[in-house]
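In what follows, chain A forms one complex with chain B and a second complex with chain C.
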Partner chain A sequence: MNTAEPLIAIENLRVEFTQEKRRAFALRGISISLYRNEVHGLVGESGSGKTVTSMAIIGLLPKPAAKILSGSIRYEGQELLFLPEDELRAYRGGKIAMVFQEPAKYLNPAFTVGEQIREMVTLHMGLERSQAEARAHELLGLVGLGKDDRVLKAYPHELSSGMKQRAMIAIAISCNPDFLIADEPTTSLDVTLQLQILKLLKRLKNMKSMGMLFISHDLSVIREIADRVSVIYAGKIVESTRMARLFEHPMHPYTRLLLMSIPDASRKGKRLATIAGQVLDAKDDPPGCVFAPRCPMAKEVCYRESPKLIAHEAGHASACHFAEEAWAL
Partner chain B sequence: MSFIQYAAKRLLRLILTLFIISTIIFFVIRVIPGDPALIIGGVDASPSDIQAIRTKLGTDRPLSAQYAEFLWSVLHLDFGHSMISGEPVRSLILQRFPLTLTLAVLGLLIGILIAIPVGVLSAVKRWSGWDYLGLVFSQLGMAIPSFWLGILLLLLLAIKFPVFPLFGADSFISLVLPALSLGVARAAIILRHTRASMIEELSKEYVIAARAKGLPESVIRYKHALKNALLPIITIAGIEFGYMLGGAIIIEQVFSLPGLGRLFLYAIYQRDFPLIQGGVVFIAIVFSLVNFVADILYSIVNPKIRLE
Partner chain C sequence: MGPLIQCHGIVKIHRSGGLDGANRGFKAVDDVSFSIEKKGNFGIVGESGCGKTTLARAMLYLDPPTSGGVVFDGVDLGSLKPRQLRAFRRRMQIVFQDPHSSLDPRMTIYDSLSEGLINIGMDRADRTKKIGRLLDLVGISGALSSRFPHEFSTGQRQRIVIARALTMDPEFLVLDEPVSNLDVSIQAQVINLLLDIKEELGLTYLFISHDINLVAYMCDIVAVMYKGKIVEQAPTEELFANPRNEYTRTLLASVPGRSGQIDVSSAATLSSADREKTAPAVQGLSKGHVVSDITSRTGDKPDLTEGTR
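Showing the complex of A and B:
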């Protein structure tokens, strides 16, 4: 689907955390290619490594708890890992921006929305005060908060949660970033607001030809917005393909189980599927497949050998020894 | 709630507080055993002398009349005349107040200028050498009595190396040592609060968001986090400032400064009732005013406060 050079290429990224002197494997070697003008969904349970991935891209893994063991993150070919802090800062906010889950917590309560936009555009775009003011005004128009100037002078607590999320999006896109990371941007909102925010993000992506990494635990939300999707489980990408293809032909047992756990009108009356067992402990480092202990299809080889993420058809990769076998759950 | 509404509400509260405080002061003074006229007159006074003193003090009139008169005098800041010097209490207080005010402002300034940078650094580099240094300073600053520090400073910087005058208040330079002795103790207290408050704020999510914006650490610390961390700092600075405005009795004594503290101390020695009463009311008013200003500052720093 994409032959161009990726905007951001993550290769074999391994991150470990040290918790109470014990190692926890947060990312067990993930690779994702993210392209301009494409929304890449990253779906997984909490603790699977979604947020660690986003924090690694933006260079904000908590120090000294997190350690990058190996791998690379390249932005248009430029290696971001081990870039000095001051050079990295120009990327943050300037080229790679981020929208967070709970706008009420991630907006600074002591500054007006206008001020939080202005400081960003003065920093990265070098705008003068009056230009910054005009830019803030323009941005609020873009995210649907332009009807009155009140929002510019408003403090976060004076806005509704939908307006707060729009304000955070305005801040994120203020310096025309090439790449936007949206980490569960709709999870704290109610359903009607969710759809509005998804539409807004999609519109902004098309307008600015941004690349976007859209993180969610909810496949039905990712389905609304993503062009491609990667499924992450226990710090490993287990399947990666085009959005539509994931629903047509899931290859990894985990993905299949995940799809079956989405409420669907066509299966009305039937019990929702749940995945038995518990997520692999981050402190364990098994030689085999990370999903094997919960996998209904697991065979002896699954416990012995870790399956590689291999393309089984064009643009569709899966990390399962039996990806190409027909099977029924 | 708008700023004006908030300020008006606080102002009403200030007026109510002052009224209650005045009332309490009035009745406490009357409830305390011992007729002031008997104490002032002494053992040799004749009944007619005592009566004369009572008339002079106004204590022979009905309580309600005294109370009304007292409230009226508080409203005018008119506390009668000193029984010792005969001068109006108000002018005695106002003569001394500029020195005390200067000393309090300097003390607070020194306190804040030390406490905030050191407190922020301590919070940012928690459990590092810098942090321990800050904590040790804070512990010592609180443990060392400021008069002892004052005497130490005098011995060192006025006697051994005579850079500063030994006593008096005739020039700004003579206020440096007393202000420093006051300031170090304030710094120690404000530093603790700054550190604790900054540690809390730096762990909040908006700090991560600020980093994701690409802001330099210094901006994140001193703009984003510090503004949010200021609330407890303003509270404690306000309280400390209020205390210092009531006069630093011991420091004024050590440095022989004619401030409010010594004025009130001698008023108590000499049983100068109008002056004592005036002094108590004055301190109460100043304290309430400082609190009012702190409240207003809160709402400017963090507008969310206006909701509560």
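Showing the complex of A and C:
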């Protein structure tokens, strides 16, 4: 589908955390290609490495706890890993922006929304004060907060949670980023608000032809907005495909079971599928498949050899030795 | 089978006496009435702050209602003396959302589950037997009962909380967002468990959640709460096929993953023209379908209309 160069190419990224000599494998070699004007959903359970991925892209992994063991993250060919902090800053907040789950935590409580937008555009775009003022107006209009100057002059605590999320989106897109990372942007919101924010993000993406990495634990939310989706489990991408295809024809047993374990009215009266056992401990580094201990299809080879993420049909990759059989589970 | 529990016009007002002497009140639950059949599975959905949890706590007299009453198996809970009420509580238990805060971190699992049993004077041998049986029921090895809560995963902890709620052999369980903290794959395990023990022990459930898909899966009858009121109540299939209240419609339309991808062009709420068209029609309501009209609400008391068909 995409013949163009990826906007961001992550290749074989391995990240580990060390604390008091204990090691935890956060990312066990992930590869994702993210394109302009495309929403790429990243879905996984807690601790699977979703947020570590986004932090790695914008160079905000906690140091010295996190260590990048191998891999690369390229932005239009430019390697971002190990870029000096001052050069990286041109990307972070400028070309690459981020929206977080809890806007209350990431907005500065001591400054008004207007001041926080002005700070961004003067820093990254070198605008004069009056231009910055006008830009702040424009941005709040874009995110649906522009009726009057109230929000511009408001401190974060004066806004509702939906408004805070909109304000954070305004700040994120203030410098016309090419790429937006949205990390669980609607998780703390009620469903009616969630829908509004999803619509806003999708509208902005279309308008500005941005690429977007949309991270969520909730497959049904990803389904609403993503064009492509990657499923991450225990620090590995286990499946990556077009959004619709994932529901039609999941090729990894984990994805398959995940889809069958989501309750809704159509499953009433039937038992939900469950995945036995616990998520792989981050301390463990098995030679085989990370899902093997919980997989109903696991055979001897699964414990011995780690399956590679390979395309089984055009644009549909699965990291399973028995990908062709998984859908029949 | 008759109703196990009936709520009549429950009102809960949170008082906040300011320093200025003003006596402000916030009506968290506003004139809510419903009843739950024996062995029924009654769901309440609503967004945060709509009064779901307050209603549950008022029903169990953990925070007695400001007005209105609850009749449990023919007994008016409001008429009981504190001592009688405490004895009555054995028959109704509640499971909260966050298992981390509902288990005492300094007590072993065995001790946590023993507390209620000691209160009713059960001896140690019987207690051990019963706790082993309950842990087995929820899929936790009895050998782990001497461990502390922090040694378990969140999903296991929620199972332990469920086992503890069962120690008193209750007939009625209130499940207040019992799986909202859990990952999808673990959530499915706990939901299956809840449905299994309901069947096995003949329990009656009040299931509270913000997750409409989950309530649709779990419950026979669903009530939609909005701003302290039940705005619509119907058997699950009927509610989803035929929502009458404007808020219910907006809520259902907002549920992710129900109708494919979002359409950027349409507005989140119904336009006023749609509102005309879809204004709750009383005609053709089937039995058990109760709807209040919040679109034309001017005062604070919605008119409830129940179908008779």
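Simple rule for what comes next: the second predicted complex is superposed on the first by the 324 of 329 C-alpha atoms of A that agree within 3 Å, B and C clash if a C-alpha of one lies under 4 Å from a C-alpha of the other, contacts with A are read in each partner's own complex, and residues count from 1 in each chain.
Everything below uses one rule, namely that a contact is a pair of C-beta atoms (placed from the backbone, for glycine too) under 8 Å apart; a residue touches a chain by one contact, two chains touch by 3 or more.
The structure presented is a predicted model; accordingly, all values stated were derived computationally and were not measured.
Look at chain A after the overlay: chain B and chain C fit there side by side.
With both structures placed on the common chain, the touch criterion links A:Phe111 to chain B but leaves chain C unconnected.
With chain A used for the fit, chain A forms the apex of an angle whose arms reach the C-alpha centres of chain B and chain C; rounded to a multiple of 10, it measures 80°. When the two structures are aligned on the shared chain, A:Ile275 is found in touch with chain C, with no touch to chain B.
For chain A, the partner that touches more of its residues is C, with chain B and chain C as the two candidates. In the superposition on chain A, contact of A:Tyr155 is made with chain B only, not with chain C. Contact with neither chain B nor chain C is seen for A:Gln78 once the two complexes are overlaid on the shared chain. Once the two complexes are laid over each other on the shared chain, residue contacts for A:Asn176 go to neither chain B nor chain C. Of the two partner chains, chain B is the only one touched by A:Tyr91; chain C is not. Of the two partner chains placed by the overlay, only chain B lies in contact with A:Glu102; chain C stays clear of it. When the two structures are aligned on the shared chain, A:Lys202 is found in touch with chain C, with no touch to chain B.
Taking the two complexes aligned on chain A, the least Cα distance separating chain B from chain C is 12 Å. In the superposition on chain A, no chain A position is in contact with chain B in one complex as well as with chain C in the other.
Interface residues of chain C facing chain A in the complex, by the touch rule stated above, are 47-48, 153, 183-185, 187-189, 191-192, 195, 210, 212-214, 216-218, 236-237, 240, 250-251, 253-258, 260-262, 264, 268-269. Only residues 204-206, 208-216, 219, 223-224, 227-228, 301-304, 307 of chain B touch chain A when the two sit together in their complex.
Taken in their complex, chain A has these residues touching chain B: 58, 60, 86, 89-94, 97-98, 100, 102, 105-111, 119-120, 123-124, 155, 157, 168, 171. By the touch rule above, chain A contacts chain C in their complex via residues 45-46, 190-192, 194-196, 198-199, 202-203, 206, 217-221, 223-225, 243, 257-258, 261-265, 267-268, 271-275, 278.
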